[in-house]
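Same chain, two partners: chain A is paired with chain B first, then with chain C.
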Partner chain A sequence: MPGSPELSLKGVTLQRGSFLLRADGVFMPGVHLLTGRIGSGKTTCGKVLAGITRPDRGEISWSGTERVMLLQNAGYHVTRATVRDEAASWNTDPDTVIRLAGLSGKEELDILFLSRGELKRLELASLLSRGSDLVVLDEPFNALDDDARRWVTRLIAEAQNRIVIIISHDITSLPPVHELWETEEGVLKKIGRIPGDMRRWDKSPLLIRYLWQKGENPAGLSRSDLEEAVCRIHGSG
Partner chain B sequence: MQDPRFRLASLFFLSAAAWSSLIGALLALIWWLCCTRGETSIRSLRQFLLFLLVPAIMGFSAFLSGQDGFSYFCRITTILILASWMYRERYPGELLDIGVWFGGKRTGFDLGLVGELSMSALEELAGEIDLVSVAIRQKGEKLRVTSIPALVTVLLVRQLRLARDRACLLTIRGYHGGGSHSPVFVTTGYDLAAGAFSFVILVFSLATRDFFIISGSTFIV
Partner chain C sequence: MIRITSLEAGILDIPSLAISPGRCVITGPNGSGKTTFLTVLAGIRPPETGAILIDGKNPADCTIGWVGEYPERNILFTRVFDEIASPLRFSGENTDTTRDLVEETAASLKISSLLLRETRSLSGGEKVLVSFATALIKKPDLLLLDETDSHLDEEFCRRIDGIMQRFHVRYVLFSSHQPVRMATADEIISLEKGEVVRICGINACPPRKEHLSDPGFWRKVLQSQGYPDRRPSEDARIT
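Let's look at the complex of A and B:
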């Protein structure tokens, strides 16, 4: 697709103490899930992908304009004192963002009085409304209740022609995922496209392994795909 | 230096030497260059310039009030450099080790724990400042005077919440005061020599001390 953003990494390495990150791969528009065990280098990799951390070696080629990353703790994004000012600090229309985040009526509230979930919704809505063509979301479902998780899923699914990289262990709330990536002991590996290459996912979560054991192949990794697969088991059982 | 007791003692001797006279500060800097190969926790020129900012302002203020601002600047900068080296060299649990060795399992343990929690909070704060600067860059903002109160408030509140969480954790784990800890130290000949050298510098600088007056108060400098 001409004009589509593309991020490619070639021989990228980053040393932090005894930890070594190695990454190769190409990210095209679509939703990418980056998963892996705790401490395997997901967040570090996300920071490299978002251009926050510069690697020691290797080549990163980026054909888009803006890359942003939602940090694990949404509180780190706060740079203003009120909800309205914070939404405006992302250079978006604050009223639209506040409405989108479900915080209407709290515009003038001190940002510190928002709950963790509300703050996360505000930062997610601001970040996704900004129109950046690469968005890295580090554990976007943390601190969110079920309704808010569905809201984030919808919001991500609506993002067109941009690269969205979700870093998460939690696969129960995902939007439709196009490609699956994994970090293992600091090495970024592409598992493949979803659903075609899903069987190559050696370290798949318990739910996926359970579905496979029951002879079910989910159509994808989205919440609705997994729910349908589970329903088929119960329907046939 | 591997033994934190010698490192801390050297820091104390050299800071006192630097505080006591300009010659003491110069000798402390020579010690730092010879014994540590000039190591600090400063990672960039920008950090170094920020590092110099406070002593420079204080030194300039002293100069404007008719005191020896240059001497003040040199001595405070030396002390900060030594503190920065100490910060770089430290390992997690070092203050608890020293506290228990020095003050026993009750008072020493408590002092060591307070020290460790403080250092950990400082590290957290440094990491948080890095992340806030990432947020500012991502938003395409520039750091303005008007945004500083909000940023400082957010950082402060987060530190207070962190302190509360840690206090709760200690309470849940049954902490009342004191605790069991068996520190192990590795002392090398180099530690002994560098420690002795720092003590000699202190003795020499005390012999050449002068007095410095700032804002109507008298300090030994």
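Let's look at the complex of A and C:
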């Protein structure tokens, strides 16, 4: 497939104090979920994947256009004083992005007057509108309410032929996920494809353990796949 | 009881509300006033009108602990010991008592080994624990958590819940969008556009369209996975 982006890491290491990140793997277009305990290196790994942090050793080869990352705290993205200027700073059409973020009418507002959820929507809409070939989203759902979670899930699912890496411990708002990755004590591991390799997920979250215990295998990790699996146990809500 | 009457503050408009001791979660869409509500309860922001009485006292006369969504943004001091000691030092406590309480609090949170570390060298999880120690050291009547758990994993949340139980905080109020976290509360307050649209016990929530949005469903999940009922029996209490 010509023009298809691909990121590969070989023998990548990064030392930060007593923490050592080790990463190998190949990321192809699709949605990747990166999970792991707090402090296991998810964010550090995400920064290496996005090209923000250079590793100490190893090879990273990237074929594609730009790589971008949404930081956990959307406040760290702010570089301009108003909503319109902030949207424009991403080199996208500010009116389209502001409408997409549901912030029409707030164009001239001081950026610091937005609620955390509104700011997160603005930065997400800006970032996802750039058409970058690789997007790392660090905890994209936190600070978002139910409606906004559905909105961002739809936005992510709509993007074709790009590599989307979602870092999250909350699996209840995901779009369809193609591959599952985990960091454990600094080591990046690929668990496998979803749904085929889901059973290899040793440290699966609460909800997955519950479903397995009840004899249910979800068809995937999207919100609707999980809700359907729950409905098979408890009936439709 | 926390009693709120004729409260107006920014978007908030709460004619009357009573909150029982225990764990209470504040939920609602973005911009519905959750953070404003917590800052008013903390006494950080005085309301334009109305009154809040916490067991008959004004918030300003109560001991209040606060942990935000990104605790590292509130850390003031270079060394962990000084950070945890800061609420006592700000209120003029003597050095011996301060040292004893810092050591006792750190031991209770199992972070004694961090006391001489620089705060900026801590991992994200360690910073959260230091922020909880700082919020708990004065044995608050009321502990307020503003989406503190939004990026913490299940096991870590469980550890934090255990810590709050051991400190016997009379009122814990936290804001959250996650039904699994709401399932750990006794009461759920739902805000919309600054108004309380509902306050209900965890087992009395109206049904939701989806199981995954229903705190009652998540309580079943938590119980089935061996999560203890959060109220410890008297003899199980530590410290």
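Criterion: the second predicted complex is superposed on the first by the 234 of 237 C-alpha atoms of A that agree within 3 Å, B and C clash if a C-alpha of one lies under 4 Å from a C-alpha of the other, contacts with A are read in each partner's own complex, and residues count from 1 in each chain.
As a working rule, a contact is a pair of C-beta atoms (placed from the backbone, for glycine too) under 8 Å apart; a residue touches a chain by one contact, two chains touch by 3 or more.
Given the structure is predicted, the values throughout are model-derived calculations rather than measurements.
Asker: Could you classify chain B and chain C on chain A, in the superposed arrangement, as clash or fit?
Answerer: Pair status: clash.
Asker: So, does A:G215 touch the first partner chain B, the second partner chain C, both, or neither?
Answerer: Once the two structures are laid over each other on A, A:G215 reaches no partner at all.
Asker: In the overlay, answer first, second, both or neither for which of chain B and chain C A:G17 touches.
Answerer: second
Asker: Looking at A:A81, would you say it contacts chain B, chain C, both, or neither? Reply first, second, both or neither.
Answerer: first
Asker: According to the stated criteria, A:G105 is in contact with first (chain B), second (chain C), both, or neither; which is it?
Answerer: Neither partner.
Asker: Quick one: name whichever of chain B and chain C touches more residues of chain A.
Answerer: When the residues of chain A touched by each partner are counted, C comes out ahead.
Asker: Based on the superposed arrangement, let me know which partner A:G196 touches: chain B (first), chain C (second), both, or neither?
Answerer: The answer is neither, since A:G196 touches no partner chain.
Asker: Which partner does A:G39 reach: the first (chain B), the second (chain C), both, or neither?
Answerer: In the superposed model, A:G39 contacts chain C only, not chain B.
Asker: Between chain B (first) and chain C (second), which does A:G3 come into contact with in this model arrangement: first, second, both, or neither?
Answerer: Touch partners of A:G3: none, neither chain B nor chain C.
Asker: Have a look at where A:L226 lands relative to chain B and chain C in the superposition and call it first, second, both or neither.
Answerer: The second partner, chain C, only.
Asker: I need the one stretch of chain B that runs into chain C once the two models are overlaid. Options are 80-88, 134-142, 152-160 or 170-178.
Answerer: 170-178
Asker: Overlap the chain B and chain C contact sets on chain A and report the shared residues.
Answerer: Touching chain B and chain C on chain A: residues 73.
Asker: Show me the residue ranges of chain A that touch chain C in the complex, using the header's touch definition.
Answerer: Contacts found on chain A: 17, 19, 37-39, 43, 72-73, 115-118, 121, 139, 142-149, 169-170, 172, 205-207, 209-210, 213, 223, 226-227, 230-231, 234, 237.
Asker: So in the complex, which bits of chain C are touching chain A?
Answerer: Chain C reaches chain A through residues 28-31, 35, 69-70, 73, 121, 123-126, 147, 150-156, 177-180, 207-214, 217, 221-222, 224-225.
Asker: Spell out the residues on chain B that touch chain A in their complex, using ranges where they run on.
Answerer: Against chain A, the touching part of chain B is residues 128, 131-132, 134-136, 138-141, 147, 149-151, 153-154, 157-158.
Asker: If we count contacts the way the header does, which residues on chain A are in touch with chain B in the complex?
Answerer: Those residues of chain A that touch chain B are 52, 68-69, 71, 73, 75-81, 85, 89-91, 111-112.
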